[in-house]
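Letters A, B, C, D and E name the chains as they come in the text, with residue numbers starting at 1 for each one.
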Amino acid sequence: MPAASGKTADKVFRVIAYACGILILVVLAAVFLFLLFRAWPLIGGNQADNSKTIADFTGGKANGFWQYVGPLLFGTVLVSALALLLSFPVSIGIALFISHYAPKKLATALSYVVDLLAAIPSVIYGLWGGLILVPAIYPFWNWVATYLGWIPLFAGPAANPSRTVATVAVVLAVMILPIITSLSRDIFLQTPRLQQEAALALGATKWEMVKLAVLPFGKSGVVSASMLGLGRALGETMAVLMILSPGLNYSFKLLQASQNQTIAANIAAQYPEANDLGVSVLIGTGLVLFLITFVVNYVARKITEKKVG
Amino acid sequence: MGQRIDVNHLNIYYGNFLAVEDVNINIEPNKVTAFIGPSGCGKSTVLRTLDRMHEIIPGAHVKGEVLLEGKNLYDKDVDPVSVRRDVGMVFQRPNPFPTMSIRENVLAGVRLNNRKISKSDADDLVEWALRGANLWNEVKDRLDNPGIGLSGGQQQRLCIARAVAVHPQVLLMDEPCSALDPISTLAVEDLIQELKGDYTIVIVTHNMQQAARIADYTAFFNLKAVGQPGHLEYFADTTTMFNNPQNEEAERYVSGRFG
Amino acid sequence: MMADLTQDPKASLEGAPVIDFDKFKPSRSFIASRKRKDLIMRVLIALAFVIALIPLISVLWTTLVNGLKRLNLNFLSFNMTGVVGGNPTPSGGYGGVFHAIIGTLEITFGAMVISIPIGLLCAVYLVEYAHGGKLAQTITLLVDVMSGIPSIVAGLFAFSMFTILVGPGSVNGFAGSVSLSLLMLPTVVKSSEEMLKIVPGDLREASYALGVTKQRTITKIVLRTALPGIVSGCILAIARVIGETAPLLMTAGYIASTNFNLFDGKMTTLPVYVFQEYSKLNANCPANATAACVTTIPMERSWAAALVLILIVLILNGIGRLVAKVFAVKSER
Amino acid sequence: ACGDNTTASTDNGSSNNSSDTTSKSEPISGNFNGAGASSQQAAVEAWVAGFQGTNPDAKIAYDPSGSGAGVKTFLTGATAWAGSDKALADDDVDNSKSVCAADTTAFDVPVYISPIAVIFNLKGVSDAGKHINMDAATIAKIFDGKITKWNDPAIADQNKDLDLPDTAITVVHRSDKSGTTQNFVSYFKDQAADAWSYDLSENWPNEVGQGAKGTSGVVNTVKQADGTIGYADFSAVGDLGTVAVKVGDKYSEISADGATKVIDDSELDSSVKGDNRVVVKINHATTTEGAYPIVLVSYMIACPQYKDTKTAEFVKSWLTYVTSSDGQKAASQAAGSAPLPDSIAQKDAASIEAIKTK
Amino acid sequence: MGQRIDVNHLNIYYGNFLAVEDVNINIEPNKVTAFIGPSGCGKSTVLRTLDRMHEIIPGAHVKGEVLLEGKNLYDKDVDPVSVRRDVGMVFQRPNPFPTMSIRENVLAGVRLNNRKISKSDADDLVEWALRGANLWNEVKDRLDNPGIGLSGGQQQRLCIARAVAVHPQVLLMDEPCSALDPISTLAVEDLIQELKGDYTIVIVTHNMQQAARIADYTAFFNLKAVGQPGHLEYFADTTTMFNNPQNEEAERYVSGRFG
């Protein structure tokens, strides 16, 4: 008797597990379809109304959807790429510090702090960024604009207060730093001892050992950690909303205000006051964001997969 | 070309745990010395003190002397990095760098020491080392393939090539064949026989037949009980060790009555 | 059979190039420069750590200092009904976060109930049943991709789904839970998958060898052994979503009073509360107001709520660690 | 439930209910929801507290989700009323048929008037507690980036007694869609059409200066640097400097009374579609002494008939209280808003009276 | 109480890879049969086909027969789960369930199969199994301690107790001592000698001395080359195998000339 009931239970469990696996696919499809459905008026609806709504959103700057979403997308990618650029080397540094340099006790304590920081809600980063960092960082940006202003990226005058892409990038970098750090650290810690010992046995210094064994081993893991961080930055809403002075330009002037805006922050800024059609437009931009993050992640995974396999 | 190693009153610790006690041994140049003994008796531990690899484990340290041609490795002014350049090491499991080609693997150590190597010098060195490791004929047509794509035995020989390419004086091997199939094992054993012309070789093995086959001298380590420190029980030339050991424990061990 | 393999030992070195090893010997200056480089990297790495520490400590410190001003029992035990301007309430406080704590806990709990079983079973499928087939690879890839879904998209999704399926204007805690569960799911799957993977195959085999069915092996041995890891993974997933604001503004809304019903009516969560109070900026005190009227109270409440949020995350972490310890696989010796 | 606050009385101590409409009807009980303009939030808090003083069993929730969202939610029937910073659009009125009973359409009544301050932060001026005088064209030019220095002759000429520095002007505007913005720029459209060429919209139309999210964002940004100028609800101004606006020949400092005066001097928009609607056409050109012309008028939106009598009773009683002098006083104490002028209050009362409760 | 096993023309596959070819062997009841041979020759693989553990590896399957007292284990109507209840298995590394106490580990086979058992029956069973595994005296005072807290040798005996607690007819052991120190090894060997009174025992070992010490029959597996299928080269009673093998490869192997 136990054997028979065991067999049924076995089958039922197996079916449920399968179903849950497949559910993941269903959920992703559902996300896409529900968004598409709700954004449908944008495609299937009255185009004149659409352009009126969009013109209203942008003060007449844009009246087609792509015209609208283009600069937003540009801004989104710019801000998150900068954030990643800033936090990547620092994260890797800290991860190495924890995994290979710090004394064990300090490393454990640090690990804990990093994990905790990874869980700090983004509103808090928004509060901090908007109220503390913005005034504090102005002298620095002003210095950059004065002395490095010949680089187009840093063209002055630096906006005061610094509610600029540069400041937002710093805040996002701080936000994703613990995430990238904690994942990279986990990977670095898994570097096979043998590889490390092989390097040391050849007479490598510690840094050479890291370069020979740890970094190559951690590469794909670090890439996926960065992708996760980038994803977080791409989708970050509150911190951007609370700090950035938005604009709808294809502009690289990092230190000037009102140049760029991100999709996520734009949705949050417009959503409360939007009418039905407006919501459709915003959901349309959300769909674009979804597809972009999807593609970025997909490509990144494919790349790392190939490297590993 | 090999150098001699003299170990005097060496106590080896992991943190506060005394793992191996009072080792005294003289390792002859250009000979193969085998370490045997039951598991946990400290063979690997002793071996790793000979090129200061022991230290990389947090808390691990030693008391006593290890003299390489009369110079104590553990002197204050000695840089462990340079010790490891003079004393090469091969590990239990083959560990080529997975991201590198066969060629790059061989050159890995050399490149650390000297970045400006001409292509032709590098080619010569790769050929020399791979020939030395008895691997040249098998891989000469695919030097740019990843090292990880080789079979276990080939990988182990690649690691040996990598170790000899930096031209050390001493070669330490920790159970270099235990992860290999019999055929690869033979290939590696042959290689060891050859290499002793140029290097002093110390090898840890759990396989007494292997020790008997390849070693000139054999050191038998033992431990009184689990948790007790290991110690060097008996050291003799290999023939004596396996045919007429003057130590009861050693005899019991080599005759297969335990372990 | 072995005989043919033993080659003439000396044959291999024949024809080998003669090497001048001095060429490869490191020069004194090169050794020094390597050492210098090693040192520089050491310094840079330590520096990375210090640089990162500045903003991170500043965040924590600011929240702590500003938050402690208003964080007291009254703040934790009252909601925002009856709070008018900067005036104190009859209980002597200035409103509080009780409703937001309830909302945060219920909505997060709802998200857990949705995503943990699904995520866990999905991981079970991937590790125990799929054996790296095409479907499993696709799922793994999509789970990875899913972990990049922006939270605002999750909010839009839940909003769209509820407007389409339930009807427009259905703003409630559960819609919030749905949006959060979308964000939690990939983390739960990933971490559970990792944890199941490191359960030694030995244990499965030991169980099968005793004549135990696969289902019982999984539930009683594999999941049980992986439990501490799974719990910490779930805690991590919760910590990831408990601070979400944007999707909840859309799906769960804001309300000043305490709503215990997850399925009906709006619900305030702590991050939303933080944002709302920040948006108020300051409260009005009429000309004839007493000294007890505080104009800066909304910002103070905002910081205090932020601190409460961090504390909840901390407590969750603590609980996770505790659970992990209680269920820990007893360490060897 | 545990943790629910006891109801606080609205104003400190002396509130005896004189409004006859609320006292003669039965106390209202039940749960009621509203959503909409965030500008009304502080006032609504006070109204809820005041309303519950006489109707202790009424539980009222207000979600300050934004005017647009509020109207949207109202049109789904999920809320009893909506708060909005602008009057209903024509198609919203049409759509409201599905929510309101008996084919009636929704109407809006002004409930909350608040002056919009033009705030600035300028060393030596604002921190000395001084005002700056400006006419509509000057303000418009500043916000359009045409005037970029504080000592620009256009400003200096109007402020002979001030010593204006050569500081650059940083304009701060709302970055989110906002009724405050629309009301602010409608002042330019009316009073300085030459200097302001943009269409009327709730979104800020140009990229001059900096945008910030919400009133709080604007105020914080203005606080953070020298030379900034922005606009915000009067209640949020704090100790920032405010611009005195030219009315007639004089410059009028911001005050709640000034806002009431301008509304008192304004006409109703008779062109709006639908019954019972009270939509104010703000007379920005007012020359009334002491009037302050930049104001936000915020409405409550309700149905003349509800599918459910209880809701109708509540809305009627609620709006009656809100527009009563008690209600207005409570709001002005809690939110610093301007009380409704009697003229509007009477119109409101007439519309509210039309809500059918049987 | 032991049962006999007859293996006929057994080919064992991992996916398409034929790992072991055409094995024919008769395993006598209540005797100890040892499998020896170089690494990779398929000892473990054959052993695992005897209780259908082989199948749990995806793609793994067999052709041929394994008769347990004349009944083919691989018949359609045979439930692998119940086969595994009749044929117990002990693995190379001791693998007590880490979440369970010593007592629960012993009872795992019973409990996991959802069989109800009274407290006193359970107590009896635990004592019986632990006594059978020669472990009772060492652990009787700490049955509720975690099983993982025992020493390696004790853990292995605990695993044997766990296996015998489900009353199998046959006990398969895959290098049960290879992870143990010499003292524990001796304890387990003694136990095996005792257990053969009740069970048919098949043991894989890489240690020829061990096979010589404990087995009644010895099967020597071999493989022609890496990548080729393994096969049963020679099967004989242990004395013949080690003293006078009638097979050249076997002689080379047991005399330590390779492997």
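FYI, contacts are C-beta pairs under 8 Å (C-beta built on N, C-alpha and C of every residue); 3 or more make two chains touch, one makes a residue touch a chain.
Note that the structure is predicted; figures quoted are calculated from it, not measured.
**Student:** Note the shortest touch-path length, in steps, from chain A to chain D.
**Tutor:** Minimal hop count between chain A and chain D: 1.
**Student:** Using CA atom means as chain centres, which chain is nearest the centre of all the protein shown?
**Tutor:** Given all protein C-alpha atoms shown, the central chain works out to be C.
**Student:** Quick one: which chain's Cα centre is the longest way from chain A's?
**Tutor:** E
**Student:** Which chains touch each other through the most C-beta pairs?
**Tutor:** After counting contacts between each pair of chains, the winner is A-C.
**Student:** Please tell me the distance, in whole Å, between the geometric centres of chain B and chain D computed from their C-alpha atoms.
**Tutor:** A distance of 84 Å separates the two centres.
**Student:** Approximately how many whole Å separate the CA-defined centres of chain A and chain B?
**Tutor:** Inter-chain centre distance comes to 48 Å.
**Student:** Provide the C-alpha centroid distance between chain A and chain E, rounded to the nearest whole angstrom.
**Tutor:** That gives a centre separation of 53 Å.
**Student:** Enumerate the residues of chain B that touch no fewer than two other chains.
**Tutor:** Expected reply: 82, 85, 112-113, 166, 182-183, 186.
**Student:** Where in chain A do residues touch two or more of the other chains?
**Tutor:** In chain A, the residues touching two or more other chains are 6-7, 131, 205, 208, 241-242, 268, 271-272.
**Student:** Enumerate the residues of chain C that touch no fewer than two other chains.
**Tutor:** 2, 34, 213, 216, 249, 278
**Student:** Hey, which residues of chain E end up touching chain A in the complex?
**Tutor:** Where chain E meets chain A, its residues are 79, 81-82, 113-115.
**Student:** So in the complex, the part of chain B that touches chain A is made up of which residues?
**Tutor:** Its residues touching chain A are 51, 53, 56, 58, 81-82, 84-85, 88-89, 91, 93, 95-99, 108-109, 112-113, 159, 162-163, 166.
**Student:** Chain D touches which residues of chain A in the complex?
**Tutor:** Per the touch definition, chain A meets chain D at residues 56-60, 130-131, 134-135, 138, 157, 159-161, 163, 241-242, 244-249, 257-259, 268-276, 278-279.
**Student:** Across the complex, what residues on chain C touch chain D?
**Tutor:** It is residues 77-85, 87, 89-91, 95, 98-99, 102, 167-171, 249, 253-258, 260, 265-266, 276, 278-284, 286, 288-290, 295 of chain C that touch chain D.
**Student:** Please name which positions on chain A make contact with chain B in the complex.
**Tutor:** Residues in contact with chain B: 103-104, 192, 194-205, 208, 212-213, 216-217, 219.
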